[in-house]
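One structure, pasted below without further comment.
Letters A, B and C mark the chains as written, and numbering starts fresh at 1 in each.
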Amino acid sequence: MTVTNIPATPGAAAPRDGARPPGGKSAAGGRPSGERARAARGRLANAFGVVLVIALLAGIWEGYKALGQALGDRIPLIGLGFPVSTDDLSMPHLSSIIGALGEPASSGDSVSLGMYLVGETTVTLREALYGLTAGALLGLALAVLFLHVAPVSRGLMPWLVASQTVPLVAIAPMIVIWAGKADAPAWIAVAAIAAYLAFFPVTINTLRGLKSPPATQLEFMRSVGAGRRQTLLWLRLPAALPFLFAGLRLAATASVVGAIVGELSAGTGRGIGRSILTFAYYYSNGPEKLYAAVLIAALTGIVFVQALAVAERLALRNRPTR
Amino acid sequence: MGEPAIISVRDVHKVFNGHTDRAVTALQDINLDIGPGEFVSLLGPSGCGKSTLLRVLADLTSPSQGEVTVNGKTPRAARADRDYGMVFQQAGLFDWRSVQRNVELPLQVAGAPKDQRRAKALEMLELVRLGEFAKHFPWQLSGGMQQRVAIARALSADPSILFMDEPLGALDEMNRERLQGELLRIWTDVRTTVVFVTHSISEAVFLSSRVVVMSARPGRIAASIDVDLPYPRVAETRTTPEFFAKVKEVRQVLHAAESEQAPA
Amino acid sequence: MSAATAPAPAATGRGARLLALLPARYRKQALPVAVTALLLLGSWQLAVAVFDIPSFVLPTPTTIVTAFFDDVGTIMAAFHVTVTAVLLGLLLGAVAGVAVSLLLSRFASVSAPVLSAAVLLNCAPIVALAPIFNNWFGVTNVMSKAGVAAVMVFFPVLVNTTRGLLQVTPLHLEIMESLAARPRQVAFGVRFPNALPYVFNALKLGSTLAVIGVIVSEYFGGPAQALGVYIASQAALPRFDYAWAGIFVSGALGLLMFGAVTLLERLLMPWHASLHEESD
């Protein structure tokens, strides 16, 4: 951190108490103390923009549907059919999708579809969370191992990278059968698949983070006679934290995908993945139910990652904004 | 130098890529003694090996040949005993630690108990006049202030030697001169031996009790010049005829060494 | 290949240049990688034999290879169906992503919320769209599988390309400005070359995502001859050696796609640093 590279971190906020250091120009470049407030306003504006974009997408959905209905799903003059037909079976109105959430899950059931889906979602989220935790711990351990044992890293790393170009989900049926033969409950198989998908982004990002401290900081640790363990604990790991979180965000998405795929392969009978499969089976009876389930699945993934983002902001609150 | 040397360098050579056809001799025939309490600058053009020499003293790299003792031990033992503190060109503070916890770090590595670390860190921050910034984070400080924190950090384990590798190189001229004054004041307070690498002639003359001039390709010691300007040196010292004369003398030695090296 | 340790020779002929595409890093690192592979396969084979592991837990590599050759016709037919969907999905996703991104880069002010929305939507499990696409395009239609792959590819391509187009070194823009360059010239001289590495990074990610997307969609139902269906049905039969043969072929597919994109990158961007970084 020198004067010369401060412009590289333009987002750096002013001292929190607003007191500008006397003498010497402030690293914060004399920014007003309302910097944080401005950053918060920026985030709010961005969130508003995101809502607008999603509203726009909803508008496109309904607009396309209305256009198709008016034109009979054919492009005038050319006579070419629309790629997706716009009848209520293929594209239910957004209002009926949302409305379906409030209706009973199945006829004669007292539970609404929304409540039912939320219940299934918590099952999936629990599996994903177990998987993410196991995957993150494994990923972290692998990163530390790769950092310290170069031969292992050289021999294993290319295979690890290759294993990611391999569609890991292809192994899902095998994992389920393994777990079944081992008399393990089905959720363990699902969590294992989630963990399998989750560990890699954690390993790669953490390893990059562990290697991120500049030479000066590493040499400083050496100059004070710090050992490997102390350097790892006090320099490399804290420096890797932002990278770890970036990896965790990717891993969180992957773990939800893994949990859903696992539910498809496993006979758990619970979880949002199972619900999607069931509603897909009874599609013609109520297409909006499938859409509602997909919507909830999407929200689940988004909320999961956003919760992690909040944890990240909390953990990194004292760091300069990068 | 009547006193025994605190740092002694005997016939040191340093060759990079020694086993390949791209071998580069960074240091050749280095002999140097530094007494306790001296402020010695290693001065020379880039590529003269002045930083390499400092890194040999600090055991951040080892000599290909020759012998070095620091505080009467090998550099490795001196490093393990935290006999020296080091300041680099980049402050290299840890973003995630408060200023105070940054200064505590060498003591933490040494295993000092928490309250002792805390007290010592605050004392060092007072020394560099940043006591009120203990709870700040590094990115909230200017470059010059960060470098002062780095000095406090280097001194926190009470080393008898301070190694400084172009510590003011990244600062602008105003900050640089202000920090030179600060550094002399701190040095007067703690009385450690200082080895200071720089490529600025006036900086070397203003700070040092002795300037060791090095020449490049291969890195060698060209001359050792005592600077007999009296301490305390202040801003006005820079405008005295004695100061100018000394700067001129060092410059001539430096240029003579350089033209000697330059091939036709 | 004989000069295993010497730095890559200055490429003169076409052949030499093609050879230089194989970076020295690979040649130098081939040994530990090969040793690890042999160790893994060997200990796998040995472990199954020594501990008498039943084949439903883990068939040996040799039985998997035998199964592959036994059923090679079916497997390769399934491979063909799946690879068609993967390629179509990758192409559609990439084209759509780049197109939207070009549009976005013209309106830099709205790009931030759109990118944020894209990042947000990308956190959703996109594979859940599979049953919807099955109903839109028909279960056996290749579009129902390619569609999921396309959506999975679309988001990273969109986000990366837009960043590449917008995050140009200000100095380069100022140079073009000082030359009074027209917007078209700025686009072709600065923005597109700058975006290319970003696009390829997204495509590398996308190439593996497309395979995952197609195989998972196949789990939701589809033509009987497809790799995902083959793996699931063989595992259920249970004929595990055949299922594993399918898994390995799908792995090869993923590697193939990744390799193809990497090769394309090297051919299109000979100036890129990754070609030169292994000089020592």
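Quick note on the criterion: a residue touches a chain if its C-beta (ideal position, glycine included) is under 8 Å from a C-beta of that chain, and two chains touch if they have at least 3 such contacts.
A quick note: this is a predicted structure, and the numbers were derived from the prediction, not measured.
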Name the chain whose C-alpha centroid is most distant from the C-alpha centroid of subunit A. B
Determine which of the two chain pairs, A-C or A-B, is joined by the larger number of C-beta pairs in contact. A-C
Note: subunit C sits from subunit B at a C-alpha centroid distance in Å of 51
Centroid from C-alpha atoms only, then distance subunit A to subunit C, rounded to Å. What do you get? 20
Distance between subunit A and subunit B based on Cα centroids, please, to the nearest Å. 48
Any idea which subunit C residues touch subunit A in the complex? 29, 32-33, 35-37, 40, 56-57, 110, 112-114, 116-117, 120-129, 131-132, 134-137, 207-208, 211-212, 215-216, 219-221, 227-228, 231-232, 235-236, 238, 240, 243-244, 246-247, 250-251, 253-255, 257-258
Residue numbers of subunit A touching subunit C in their complex, please. 46-50, 52-54, 84-85, 89-90, 151, 154-156, 158-159, 162-174, 177-178, 181, 249, 252-253, 256-257, 260-261, 264-265, 272-273, 276-277, 279-280, 283, 287, 290-291, 293-294, 297-302, 304-306
Sort out for me which residues of subunit B touch subunit A in the complex. 58-60, 79-82, 84-86, 88-98, 105-106, 108-110, 133, 136-147, 157, 163, 170-172, 175, 178
Contacting residues of subunit A [partner subunit B, same complex]: 1-4, 6, 9, 12, 14-16, 21, 23-28, 214, 216-217, 219-226, 230, 234-235, 238-239, 241, 318-320
